[in-house]
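In what comes next, chain A is part of two complexes: it sits with chain B in the first one and with chain C in the second one.
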Partner chain A sequence: MTILTRSAYGEPGTSLDFKTGNWRSTEKPVHIHAKAPCHGACPAGEDQQAWFALLQEGRVEAAWRALVAANPLPGVTGRVCPHPCETACNRKALDGALAIHNVERWLGDEAVANGWAYPVEEPPADAPVVAIIGAGPAGVSAAYHALRHGMRARIFEAASEAGGLLRSAIPPTRLPRAALNAELDRVLSLPGIEVTCRARLGRDVSVEALAADHAAVLLAPGCQEGRDWDVGGSVPADHHEGLALLKEFMDHGQFPAAQRVIVHGGGNTAMDLCRLMKRFGVGEVTLVTASGLPGPDTATDDLINVVPRELEEALEEGIEIIPHATVNRLIMRGSKVVGAEVASLKKVPGTDGRKKRVTFEGTERVRDVDMVIPCIGEMVDPEGLHSWINRGYLRPSDHWGTLSDRIYALGDARGDRGTVAEAIGDGARAVAAVAARLNGGEATTDTRAELPASDLNPVYYPPAARSVAPKLPVSERTFEAEIEGDIGHEAALAEAARCLSCGNCLACDNCWTFCPDSAVIKTAELATDGSFYLFDLDYCKGCGLCAQECPTGYIQMRPE
Partner chain B sequence: MREALEGSQAIARAVALCEPDVVAAYPITPQTHIVENLSELVAQGDLHTEFVSVESEFSAASVVLGAAATGARAYTATASQGTLLMAEVLFNIAGMRLPLVMTVANRAVSAPLSIWNDHADSMAVRDSGWIQLHATSNQEAVDTTIQAFRITQETELPVMVCMDGFILTHTMEPIDLPDRMAVRDWLPPMAFSRSLDPERPLSLGMLVSPDYFPEIRHSHHAAMQQALAVIEEVDTSFHSRFGRAAGGLLTVEGDPEAKVGILAMGSTVGTLRAGMAHYVEAGPARLITLRSFRPFPAEALREAVEGLDCLIVIDRAISPGLGGVLGTEVAAVLSQSARPPHILNHALGLGGRDIPETVYVDLLDAGRDPDAPRFSVFDADMTKLAPEDR
Partner chain C sequence: MTDATRLAELRQKFGRVPEGPSDPKPGTVSPREAQPRFRGLESGHRACQGCGEALAARLVMECAGPDVIVANATGCLEVFTTAWPQSAWRVPWVHSLFENAAAVASGIEAAMKARGKNTKVLAFGGDGATYDIGFQSLSGMLERYHNVLYVCYDNEAYMNTGIQRSSSTPHAATTTTSPAGKERMGKRHLKKDLVSIIAAHHIPYAASASVAFPQDLQRKVRYAMGIEGPTFLVIHSPCPLGWKHDSRLTIDVARKAVECGLFPMVELERGSLSNVMPIRQVRPVTDYLELQGRFRHLFADDPRAEEERAHLQALADYNITTYGLTGGDPDNADTVGTAAVGRGGHPAGRLRP
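The block that comes next holds the complex of A and B.
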């Protein structure tokens, strides 16, 4: 595009004759649309800044469409995701990170309530078909993204219903089944997606057979297989593994009778189990975890890996948490547990230079308990996958999930994942890799740099408090009722208005207002770089005022 | 999102948020941009008001006097010589106790001619009976302007919002303009208890015999005293509605343990604040910002200086033959305290002389000097004067 600036039509003999020439400072302003940190942190690949911008314009449906370009299940992730986007949010240093999950959830629910159509079309009948094992979040996401890439998807699910661990392991108090079903049904009924339930790998289908007549096979079976567990060789007769116990409870509404329980682990399964058991009437529920609780002395990589608000709610409900500790010994009467020795852990330098945790001698104490439940993670059920499994998991070689030619691994089964958002992102990534290969190319990632908080000019943002979702009081928490409520239309839009638009132009006119040389020109239509401004470098002196006063860091000074 | 606005532009937008019925003003540097921006808002259809073009400040003041008397929400703005040309009408407006808001873009008064900032203009009409509020920043000027419309309605006394010419009026600042609906909600519709009504004929500003004049002045003084509480209440209410206050009657900041205090009005405060943050080694000080110059908050001031050994009062005006205006008033008020601080009074920045951040250090140094004069034109360079004038 030829840019005609004032110097091109300036009348001779006017001051427009006096151009900056070669005496500009060593830098000139450029527009750089950096990656917002929320986007960089989102395992599902959402660009939160983009959909918040649409909400700020009041375009709610368009915002949802931008959101589901990455994540087809916002109503689900808005409820269950530990939201690393909020941890990364640049606003946290001002007056609190954006409550992105509240708005995401609200948008997801609005779409369901209003029946907004997913922005996908049915692929042609002869389009390539991908086979997907597992209708959990990874499989559903993969099927949805297949449509976005013009492919068809065929999902094989071993259970009688789709949903994977969203259904089997997340309590309805966190994810009501109505919300889950509504979103899943809307995605899975999109034309071009075919779901076969009760189709078990190794019995009804095989990876090799599917690979023979599909463009690709995407393995998203999740982790179903409990790990072996013992403490110093002893295993109680009534041993229950955490996830299995949780699944049983979801099916039958029963826990084994116990008065005092220790749950050993540090993830969401452990937390869900603690809270459900406490609500079920177990008198004392103690979580023993090797990780630390949030606080000034806890490093980020040492933090207990649960949704922060879940932790807060668990403490409200009276769950005792013993951080940096382990179950050292089971005290058995016959084959029944009657107590457990809990010991603190301390860090010592390991042989590989990294710190490792060892029992802190002398801190052992005995707790009288009826049950010790390990929640130490699960592995892939090897049935039908023997040739792909490597030490319990599928362990693909890359970010795209490549196991071998046309076979990909997604979600928990990879062995390096642990959240719904990661599973959803895996679905998108694997399908992008498949589509790129079919087109003879390679999939690409967003390699833009993230915008650091120091590049923002915070004075232009008036203070605004983070929204807080309503919560059921502890006394009213049951096994069914959702604990966290909806923030509603007004609060959602107010929350969206808090977005700082990191790295993206807000059309605030600051550059145009402040430029001492009128070298910022406003354009009537969107310029090629996505803003409404051009720099007239014939007159720009390189003073950097525009970059300084740009609230979002979209203008950066770069060497000539 | 805050907007980068020039002070004058921000004031025009703030006035427009208050939806005045009548605006009349005559342009004068450095107030011109306020009126220009207002007329632009009217031309663009963003402000529906009776915008009366007048031929002088005398007329401008007279038009808004008449408008206010009919119960209309009225606004004008002026500076310097314009204020003096208005002076007679300003006394009338206050004497008739009409609700009105006026911005004074403070500027020195001729001769010699100076277009730059000091407080000589608003000080010249100090005794007219108007409420005078001083803003230290453009955000405060915006918020004070909106508050002024409510104060004038509640007190039925005219309110002058003083902001330093050029230093504030012509400077860009990120401004948070409140939402129009929120202002409409917070600012009650205009109501004036004695508004002119053909059904109930009334004479205003009539000849009054000596039998009543002292009582009228007494009640005016009493009304000004009562306005102190209103100014505070309105600021509190504004704070709870919009999340920020504009300075109440006065504010106190800095080190509460400090034995030296500095008191100032207007944009000088910003300079002193920056100096205090920058030159920590100069020592701690308590910084007192006087927002309400009229009515004068004697009680609040006595509290604010408690524990101080020395108080340095900055005047941006001079009363030749006496010294500082503000300094003299502060000394008079504090003379009633049990243990008044030693008061030093300095005029600074007259006729737009730049006040650098280092003034903070120089003022504290002068405060420590036992031989320092009780009053000085602090930044006057004696070498520029003939020996007999020094």
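The block that comes next holds the complex of A and C.
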């Protein structure tokens, strides 16, 4: 309360009586925790920004716990994921995206080495049980997330070991079996998860029987069945399908004899096959793909769907890649392939507005080859799933994977997936939907907007180059040794320090320091909106300085 | 009319009953009361939105207070902080005239000394009160070696009276008394090199600082506060109203002034250059000029505009060469290093003495 003094001067600090907040005309500052682009891009639903923040504080185990809240297999995805997070990273425009996959892998390996316990508890004995078909990444993720939601999980796996395509289709040079086994064993031995191997769908178990006595049945069988392939009606006598060839090689270490090979396809299986065959001693390996190579003019939906570093390594190793092309015709001598006609092809908009693939006349060229291997994707083995299969896949109706009331489809078997990370995300989503249904509600998705790079204030981030993990030189690459090395403790923490913390408060004090009206109040406790600052709207004049100078875009001006 | 009636009337017109963060519940401390910094200049002052001077004064008070007395010259700072019957200051504060802040401060300092007190005396003035009107009394204060820190909030024109040119207004800027038009491209004359003139008094410390680099600014204030004798600080403080830029761009504009070389950040001790803030990446002056309406005429399709842009670039280059503002390796105390933030604060804060 201001008391007038005899000589009519103002008492100290009495201007607080004068609320300048009513000067704001249209906008006020608000804290908005926008989605970091890495989080938005992650098919497994990881919030990379959140665990990098913990790493910045030096809390390595807490960072791993935050990571495995979404993805129980960071050591696996850190090795095999095409890391869309890094493609989305806002630091890309400054001095290179963060090496997220290297740090993710390092965290996964640290957890294995130190035996950190997964942040889950054993569900009660009478908890609902979900039945899961397939112990690949989708099935394992679903079982783990079932525990997180207080449910038990029972996995049925047709093979003799868990792992799915992680074991059968990814070469040890990308995913050493020791790393895979360590992480898988740790997840699958969690109390509350039960794994039955050699239990084949249609022979040992049936979806209907499982549905009768489980809270839900999650179908994650993967894709095992090669698509029919022929070129103009001709199928060579010694026809080999890509994935089968790869699996055979992983089991027996042999490829059929050939000197000049064309692999036709554009995924990781095709890429792995090319590299293994080249290393095995095949003279010329050519990849013919309908997609384009990464470049400034390549549209996202046209880009070859392989891990970027794999592509780079393949080119180093001398694999020839013919982008935007297809195998038009096989040249046969008897029933043996002696050549292939390759022609240019591209996706162009059709008259109905949808893109269609057009082969361009006059671009045909003939290659002398001994073998043409299709790697054009696989379909679901229909055994035991006949009533659910629709044109080769399970094709659920929504992103939760709903097939029917209590049956969900996950991972590659959905027909619209293609990465381990997507499969892991599917596991989490399907279980969230099951849990929500059991609780009588509906599962919700994170609908927050992503923070664009233009909302950051980059002047506050000093330049720092991306850390580089060691890599085996081409001459030393074998069939066993892992090609990409460990980034190491120091570089991992240095990489974490590069995180811009897009859309989330850094507690850097900029708003508190720069407010000309002292209308930003610093608090000792975390405020309800997750920051350490409050806006005192009694005095905020709405100049927008705090929003402009917030490095992370966490403060934004919004209409009153 | 009694004081109480008049006060009630003023309350009705200008204010509401205090509530919210500044109003502690009995027995508790409000979040505002609990701020981990000295609140020498409080909220509720009448500075315009995005005022650089209000920010600069608050930053100075944070690390100068609480045992200080402020003598304030006439100007925006005096007007917007002390609309009677209120005061935004939480330290003893006195205003006398436009031209005599340094003289008033000298007197207070002498009185304090006579009474055996160590209270530090600060004198605040704008560029009008420092470069022009109060220059004589400032020179006298420095010569008589009073233990006073004089802070000049430099917003490069007489903003309080309606944006008239001062001797601090940069060359080619438009003001109401140096309008750009057919005859001239804004102010004809140059900005006075006041820091050099002040340093020529052979005082212990004279420095320039900018609101865009608060860590550096506060380091300089602390250093000056520790010196027994006259010290001088000029703080570049953008004025959104007078410079005609968006209120949210105050810091951006101030930073670009430093990064292009037009406002060199220097420290002089006993008349010699003792330190500079290196510019890690020098930007062209147009990056700074294009943000401000007072330089808009320099972007007109006019050969004179091109010449003036080249002139300002030459002045910036001259500063960079004269003070040696570039040429080093990345440094924690250069323009990029000082601004750097990390989780939980400014790493550059560790450099504070």
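The criterion applied here is as follows: the second predicted complex is superposed on the first by the 539 of 560 C-alpha atoms of A that agree within 3 Å, B and C clash if a C-alpha of one lies under 4 Å from a C-alpha of the other, contacts with A are read in each partner's own complex, and residues count from 1 in each chain.
The working rule: a residue touches a chain if its C-beta (ideal position, glycine included) is under 8 Å from a C-beta of that chain, and two chains touch if they have at least 3 such contacts.
What you see is a predicted model; the values in this text were computed from it and never measured.
Chemist: Fit or clash for chain B plus chain C once both are placed on chain A?
Modeler: Once chain A is superposed (C-alpha atoms), there is a clash between chain B and chain C.
Chemist: Scan A:Thr20 for contacts with chain B and chain C and give back first, second, both or neither.
Modeler: second
Chemist: Which chain, chain B or chain C, is in touch with more residues of chain A?
Modeler: Here the partner covering more residues of chain A is C.
Chemist: Determine, under the contact definition given at the top, whether A:Pro551 touches first (chain B), second (chain C), both, or neither.
Modeler: Both chain B and chain C are touched by A:Pro551.
Chemist: Under the stated touch criterion, which partner chain does A:Gly542 make contact with: chain B (first), chain C (second), both, or neither?
Modeler: Only chain C is touched by A:Gly542; chain B is not.
Chemist: Quick check for you: in the superposed arrangement, does A:Ile521 touch first (chain B), second (chain C), both or neither?
Modeler: Once the two structures are laid over each other on A, A:Ile521 reaches chain C alone.
Chemist: In the overlay, answer first, second, both or neither for which of chain B and chain C A:Thr513 touches.
Modeler: In the superposition, A:Thr513 contacts both chain B and chain C.
Chemist: Under the stated touch criterion, which partner chain does A:Tyr460 make contact with: chain B (first), chain C (second), both, or neither?
Modeler: both
Chemist: Would you sort A:Pro12 into first (chain B), second (chain C), both or neither based on which partner it touches?
Modeler: A:Pro12 sits against chain C, while chain B stays out of touch.
Chemist: After superposing on chain A, which stretch of chain B overlaps chain C: 61-69, 187-195, 277-285 or 331-339?
Modeler: The overlap with chain C comes from chain B residues 277-285.
Chemist: Taking the contacts chain A makes with chain B in one complex and with chain C in the other, which residues are shared?
Modeler: In chain A, residues 459-463, 506, 508-510, 513-514, 549, 551 are touched by chain B and also by chain C.
Chemist: Under the stated contact criterion, what part of chain C meets chain A in this complex?
Modeler: 3-4, 6-7, 11, 14-16, 18-22, 31-32, 34-36, 39, 41-52, 54-55, 58-59, 81-91, 214, 240, 246-252, 255, 330, 336-337, 339-346
Chemist: Using the touch rule from the top, collect the residues of chain A that touch chain C in their complex.
Modeler: Residues in contact with chain C: 2, 4, 8-20, 23, 53, 56-57, 459-463, 497, 501, 506-510, 513-519, 521-524, 534, 536, 538-539, 541-545, 547-549, 551, 557.
Chemist: In the complex formed with chain A, which residues of chain B make contact?
Modeler: 1-4, 172, 174, 176, 243
Chemist: For the complex, give me every residue of chain A touching chain B.
Modeler: So the residues of chain A in touch with chain B come to 459-463, 506, 508-510, 513-514, 549, 551.
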